[in-house]
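First the structure, in the form of structure tokens, and then the observations on it.
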Amino acid sequence: MANPMADEMRRFKGSDEKNPFEAMSERFDRAAQLMGLDPDLYAVMRVPSREIKVYIPVKMDTGHIQVFEGYRVQHNFARGPAKGGVRYAPDVTLDEVKALAAWMTWKCAVVNVPFGGGKGGIICNPLQMSIGELERLTRRYTAELIDFIGPERDVPAPDMNTNEQTMAWVMDTYSMHARHTVTAVVTGKPVALGGSLGRREATGRGVLFTVNEAIKRYDLTPEKTSVVVQGSGNVGGIGATLMHEQGYKVVAISDVHSGIYNSNGLDIPAVMEDLQKNGSLECDKEADPVSNKELL
Amino acid sequence: MANPMADEMRRFKGSDEKNPFEAMSERFDRAAQLMGLDPDLYAVMRVPSREIKVYIPVKMDTGHIQVFEGYRVQHNFARGPAKGGVRYAPDVTLDEVKALAAWMTWKCAVVNVPFGGGKGGIICNPLQMSIGELERLTRRYTAELIDFIGPERDVPAPDMNTNEQTMAWVMDTYSMHARHTVTAVVTGKPVALGGSLGRREATGRGVLFTVNEAIKRYDLTPEKTSVVVQGSGNVGGIGATLMHEQGYKVVAISDVHSGIYNSNGLDIPAVMEDLQKNGSLECDKEADPVSNKELL
Amino acid sequence: MANPMADEMRRFKGSDEKNPFEAMSERFDRAAQLMGLDPDLYAVMRVPSREIKVYIPVKMDTGHIQVFEGYRVQHNFARGPAKGGVRYAPDVTLDEVKALAAWMTWKCAVVNVPFGGGKGGIICNPLQMSIGELERLTRRYTAELIDFIGPERDVPAPDMNTNEQTMAWVMDTYSMHARHTVTAVVTGKPVALGGSLGRREATGRGVLFTVNEAIKRYDLTPEKTSVVVQGSGNVGGIGATLMHEQGYKVVAISDVHSGIYNSNGLDIPAVMEDLQKNGSLECDKEADPVSNKELL
Amino acid sequence: MANPMADEMRRFKGSDEKNPFEAMSERFDRAAQLMGLDPDLYAVMRVPSREIKVYIPVKMDTGHIQVFEGYRVQHNFARGPAKGGVRYAPDVTLDEVKALAAWMTWKCAVVNVPFGGGKGGIICNPLQMSIGELERLTRRYTAELIDFIGPERDVPAPDMNTNEQTMAWVMDTYSMHARHTVTAVVTGKPVALGGSLGRREATGRGVLFTVNEAIKRYDLTPEKTSVVVQGSGNVGGIGATLMHEQGYKVVAISDVHSGIYNSNGLDIPAVMEDLQKNGSLECDKEADPVSNKELL
Amino acid sequence: MANPMADEMRRFKGSDEKNPFEAMSERFDRAAQLMGLDPDLYAVMRVPSREIKVYIPVKMDTGHIQVFEGYRVQHNFARGPAKGGVRYAPDVTLDEVKALAAWMTWKCAVVNVPFGGGKGGIICNPLQMSIGELERLTRRYTAELIDFIGPERDVPAPDMNTNEQTMAWVMDTYSMHARHTVTAVVTGKPVALGGSLGRREATGRGVLFTVNEAIKRYDLTPEKTSVVVQGSGNVGGIGATLMHEQGYKVVAISDVHSGIYNSNGLDIPAVMEDLQKNGSLECDKEADPVSNKELL
Amino acid sequence: MANPMADEMRRFKGSDEKNPFEAMSERFDRAAQLMGLDPDLYAVMRVPSREIKVYIPVKMDTGHIQVFEGYRVQHNFARGPAKGGVRYAPDVTLDEVKALAAWMTWKCAVVNVPFGGGKGGIICNPLQMSIGELERLTRRYTAELIDFIGPERDVPAPDMNTNEQTMAWVMDTYSMHARHTVTAVVTGKPVALGGSLGRREATGRGVLFTVNEAIKRYDLTPEKTSVVVQGSGNVGGIGATLMHEQGYKVVAISDVHSGIYNSNGLDIPAVMEDLQKNGSLECDKEADPVSNKELL
């Protein structure tokens, strides 16, 4: 299946292996050239508006203070407040955050929502931190950024290793400074605190929409399309479920450790239920193990 | 003269050739060790509190927009608002600004004034920019930082290639946003706008005080001390004049291009008057030319 | 009719004769036990968040100053700004206001509107005060509370002895401090100032809805149900009218002085029209007098 | 010694055994009558301006939440921002806080400093709480009051069971909300954070001044005056030391547990040094034990 | 056609030749008398609330400063924020601006939108100013008025010689002071910046609605109605086009220089297209020239 | 006496009979020419920065509303907040207020205090208004100007027919909006509310200083100088007293009605004491009546 799609993806991928900001800039330059962008506008848009780096002292459970480094990049406000996720990972870099902030500007503009682009990140290993440490890290990061974010300025969202709980902490910290509840300071908060219905499934649903468009281009139908899904969480798992519902044959799916494979198509709802129960993708008579490498 | 002083200076100088932030950190580490600084405090103080990078679009006299990169680093607020200069130079680096912000924290603490440390810089070549371009650059840089600076937060001052006029622009831009005059947002502003009397001569006077202390340590008197001064502006020129007044024998002085030398001591007031008139240090029968390299 | 309803009401009534805050607490305790409420949440929710008592100097029509005592209790903000009426009465107590503020929290949560609970009161006898005195009392009470109320914090509403006019005074006082019109600071304001259509009839309509639900539980129909209404103002009068419209047999109705009774059902629209004209409930051939005591 | 002083003190004391607010009111009424205070002013001044009660949830070291009750009473702002201590004790009552707030108004007016009167308190047992619990209690109490206090509104100070550390927490919490350091929000903070020199000794020195004035009235000299001091902390200990320095014969001193007595006068500097070392007042050959009851 | 309409218009016109504020006042007085307006309300409503005159220094393209005079009059806020255009013309007078502000109050009230009335103007000749001068004039005028306007206070709009671009400058200047985009500070901004769809055509469409109502009163139909249109821009041109579409016979149309006439009706879409192309109304075989005077 | 002084005064007086703003402008033009003022600066400084006219509805003692017209002109802020009095008079004109605001700019600059110039006025007849009406007028005027005045913007002061009481009302109104006492919003307030000692006598003392300088110029001594004083209030009365103390021979003094004259010099302290007692200047054996016209 899908030779031409793979080619196209490989072509993009090439540039992804570079520094992510350079990779973004390269494509932006190409686009600017194609549309004959005014040189003055080009000069402004190829750089962010503002980069902020904060040093976040956190009292760890050991009783000692560890200082973490956090970023927030605001790429462009011309169409409205900046908007973009906050990721927690040991290998977050400024260039990655800058690139993602710029991508948010392009994405918001393309779908014509009145937002600009922002992105944030903290260099930390969330998997090795207690919930208390994560709360203190998130609250202090938010406090350091309180003058830069807000419903009219820059609206954080969940991203890699951050979730509804993270956003609830951001919202509560911001609201305590505002002296009243400010639900609009983040998206991706829990529904009970004013979050949007359907948000959890939104990215997975987006995968479905994208695949639907892609197969049209190659004259395929769901039934004729075999799908391999990398990841089984909010994006991959829900994407797989939705594609399964629409008749796609999902032949393989993976999580962070490994994957399973059945050339006749997996029973995705059953797979997801098992995953929920066992915490990992289990092979049974209907599914063979497959490493993440093989899967790709 | 002054063998031991030279040695000591050379010892410090060694580390200066490294990255300036590492050079600062090395000394801070040594000091922290000597005073047995609490590890938690150490962790917080060896990094700044906040680094901000802004991209400053400026309409140049050509009519086109050029985007400049500017920094403001706020190292520590524990003792009061941050305080520190803004420098304009083509080779400003973030690490240099970070180092200087930290030095401001230590300096303010040592002389027990209620300020923390900050520093800013813009990558530009002020010598090749018109006054209008410099004004637009300064005003936009200030506007970008308006939420971070202020009498209670961070107080800029003149530094390399910035002066009273620069501070007047910063103050006016800040005041227009505040909707009333805020003289306290900068130091180093013109006396007519509320600047301090004696500030222009202050650094040069500090040179005199330092030299006075230094010669005590080596049991010298002004009369017995030959002085070589690098620079003939606000610091070197005024320092030389004041040392001359107190009886020091100033044998050489330089400006950005070259220097002059007279082993019997220069007539500094006359030299300064000539410099004012001619724009450069002139050799005459009483003074021989000396290159900046020879001078050092 | 309605033996079981009466019993149930009596059961609740028992606790009402106690201190109103204790009565509320007793039921809250019962509910907390039934739902196994987390002890930490229980500890927070069984008390208000804040009680404010203000002393309100008012220039009376005699020219002399009288100081009134006023309260505002804010029970909980977790679901949004506090919300609740302000009552004027000689026997308002802090415990009553505390109880009603808590009830507002439960009520807003049960109907899932994004508000918390608040309540206010002033110890005064509004029936013996001139309109000017009431205006000055209300405006000064509002001014004293200006930092605590507001669309994002706590939104007053009319209650016992306060009305649209009172809310208009609150709104105007608040707006003068905000320097622009803030309609959202109160509910229950005049429609001409942005009040909601249908609000005046809302509580009476709520009575109808409640009775509709109640008779379902006891397998009654409107036609088979005789109703006795205590009060003939915004709640009782409108409730009676609406029930009459839906076929209920309203056999008795009262005002503050006395009531009227007709075992075959009263012609409520006619009764209300007469009341409007005469200022009191009039007996005629179709209605016999009944004291408030007998009515209950 | 000092029969007439004792009498006078007893006369005042009589009223002190009543409710403290009534005791204050009684004296205020007497003063108002003596000075012919205008009835309108009298009506306003005999009550506070505002009483605030907050419920303070604190995570205890057990991991569970305990809700404390805290007060702040602002008696009068006519002469400037309210000013007054915050006390922590299990038996703090609203009437006590109201009385002390009023006393602050009278005291500030009498010594003509531009402040009104305020007072606060939290019902808690600080002796049984950890430093972490006290910090969390203080910070949350401050956060709840953030809209009511401030350099222009109401300035807390240490009082019973609160100290420099407590004020540093209040100041830091307030400053984090203000987004810059606000030293003027409290008095009695550590000197290193901008506290006043000499404040710690101020109350003890006030005792000395009062006694100096008192003995003038009874024609005594320090040398002829025997002094019994109740308490040996900031007030009693420093008062005793200063009186000793001026020649008074301090014959007895006590702490919270017991006292010591020497009819020939104690060597107060030595006693204080021992107290510092041992943590309690020690009897030796020069001092006999005395119970607090006997001492009075 | 339209004898009676002409009469009526002439009757109004009479008063228009007076000072515009007196003309407005005269009609207001008549209306107040007719509706028996309360004298206190009358006293307040016959004058504006506030008149502001600012002197606006602008650096002209010559490098020299010229000071312009600008006005903003806010007539009434009782129903909401003031609302009204800003006009640029050499002969703007305060009385004209006052009159127009009052008319805005009456107009907003009559159509029941929650706005009061405002109006502004600058004495300048926009036809002789460069785009840069107009931008600097507009931005400085806005900066001078920043405390008086805003979404909750007073919302400017385009008027004579001001347009979408002018409003974009006002909005950007206001937003830079607010530190975030405030689209609601003006109406009439470009659609790309949040302007309303259909606004450009709105006034012309209003002409159509008015004419539709007018012919009903005189029992005419579009087909039987010959129309003469003065102006061919946003109002006249669009009005003519819309009337043409609905079957009116548009026999003449003019621009600022002259007009064209065809007693059989002009082909308005063709006329407008030619106007767009040529910049002036062209006569051809189907249209005869007519001076503006003749046209009226 | 003093022919040349009279001449000089007459020369200035000439221009005073014109429109006061034109009279001011004429002298400013002369000064600008003499000092060769830069044309751009001249263009900015010959006009005010801002003129505000407010319409002030006041409930009169009759119960009806009267609308007064009030002005505030802010001439220049370059050297600091505007500063200047508010006058109440039936014949206040905008041109008078504009002229006086400009004079304040020149006066503050000449004596080098960091203030600009402002002035205000209300068209009213304070002599025919009750104290309550004046209070309501002043408070509403202040409320209308609340966004324009303030310690950092524009600081009112007493002027013709306004006094300490007026300033206390301004200060209280402003402080209620600021939610805390703002003494710095006015000068000329009562000493008990933070007013400056010596302010009441300041203008009279200024008269003395001026006369002292004047006689130096004409080589006179106080003893040789006969003085005629017009007015016997804060300026004339205190000026006369101070000049009398320094040995001047005060031969005549007047109040609003008439004057008294004694060619040998009046006993000013006695005269002032009588005036205080009787409310008018009394003739006795030592003083003859003189009309105000004769006096001049």
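All chains are identified by letter, namely A, B, C, D, E and F, in their written order; residue positions are counted from 1 within each chain.
Just so we're on the same page, a contact is a pair of C-beta atoms (placed from the backbone, for glycine too) under 8 Å apart; a residue touches a chain by one contact, two chains touch by 3 or more.
What you see is a predicted model, and the numbers here were worked out from it, not measured in a lab.
> Please find the path from chain B to chain E through touching chains that uses the fewest steps, and give that number.
The fewest steps needed to get from chain B to chain E is 1.
> Kindly list the shared contact partners of chain B and chain F, in label order.
D, E
> What rotation angle takes the CA atoms of chain B onto those of chain C? Round to the nearest 5 degrees.
180
> Among all chains, whose Cα centre is located farthest from the one for chain B?
It is C.
> If you take the mean of the Cα atoms for each chain, which one ends up farthest from chain A?
Greatest centre separation from chain A goes to chain F.
> Can you give the whole-Å distance between the Cα centres of chain D and chain E?
69
> Counting only Cα atoms for the centres, state how far chain C is from chain E in Å.
Using C-alpha averages as centres, the distance is 49 Å.
> Just curious, how far off is chain F from chain E if you go by their C-alpha centres, in Å?
Chain centres of chain E and chain F, defined by C-alpha means, are spaced 45 Å apart.
> Where the CA atoms of chain C average out and where those of chain F average out, how many Å apart are those spots?
Each chain's C-alpha centroid was found; their separation is 57 Å.
> Multi-chain contacts only, two chains or more: what residues does chain B have there?
If we look for residues of chain B contacting two or more partner chains, we find 147, 179.
> Judged by the touch rule stated earlier, which pairs of chains are there in contact?
A-B, A-C, A-D, A-E, B-D, B-E, B-F, C-D, C-E, C-F, D-F, E-F
> Which residues of chain D touch chain B in the complex?
Where chain D meets chain B, its residues are 179-181, 194.
> Name, in rising order, each residue of chain E that touches chain C in their complex.
Residues in contact with chain C: 77, 80-81, 114, 150, 152-153.
> Touching residues of chain A toward chain D in the complex: what are they?
Those in contact with chain D are residues 143, 146-147, 176-177, 179.
> Within their complex, state which residues of chain E touch chain F.
Residues 39-40, 43-44, 47-55, 57, 64-67, 69, 144, 147-148 of chain E touch chain F in their complex.
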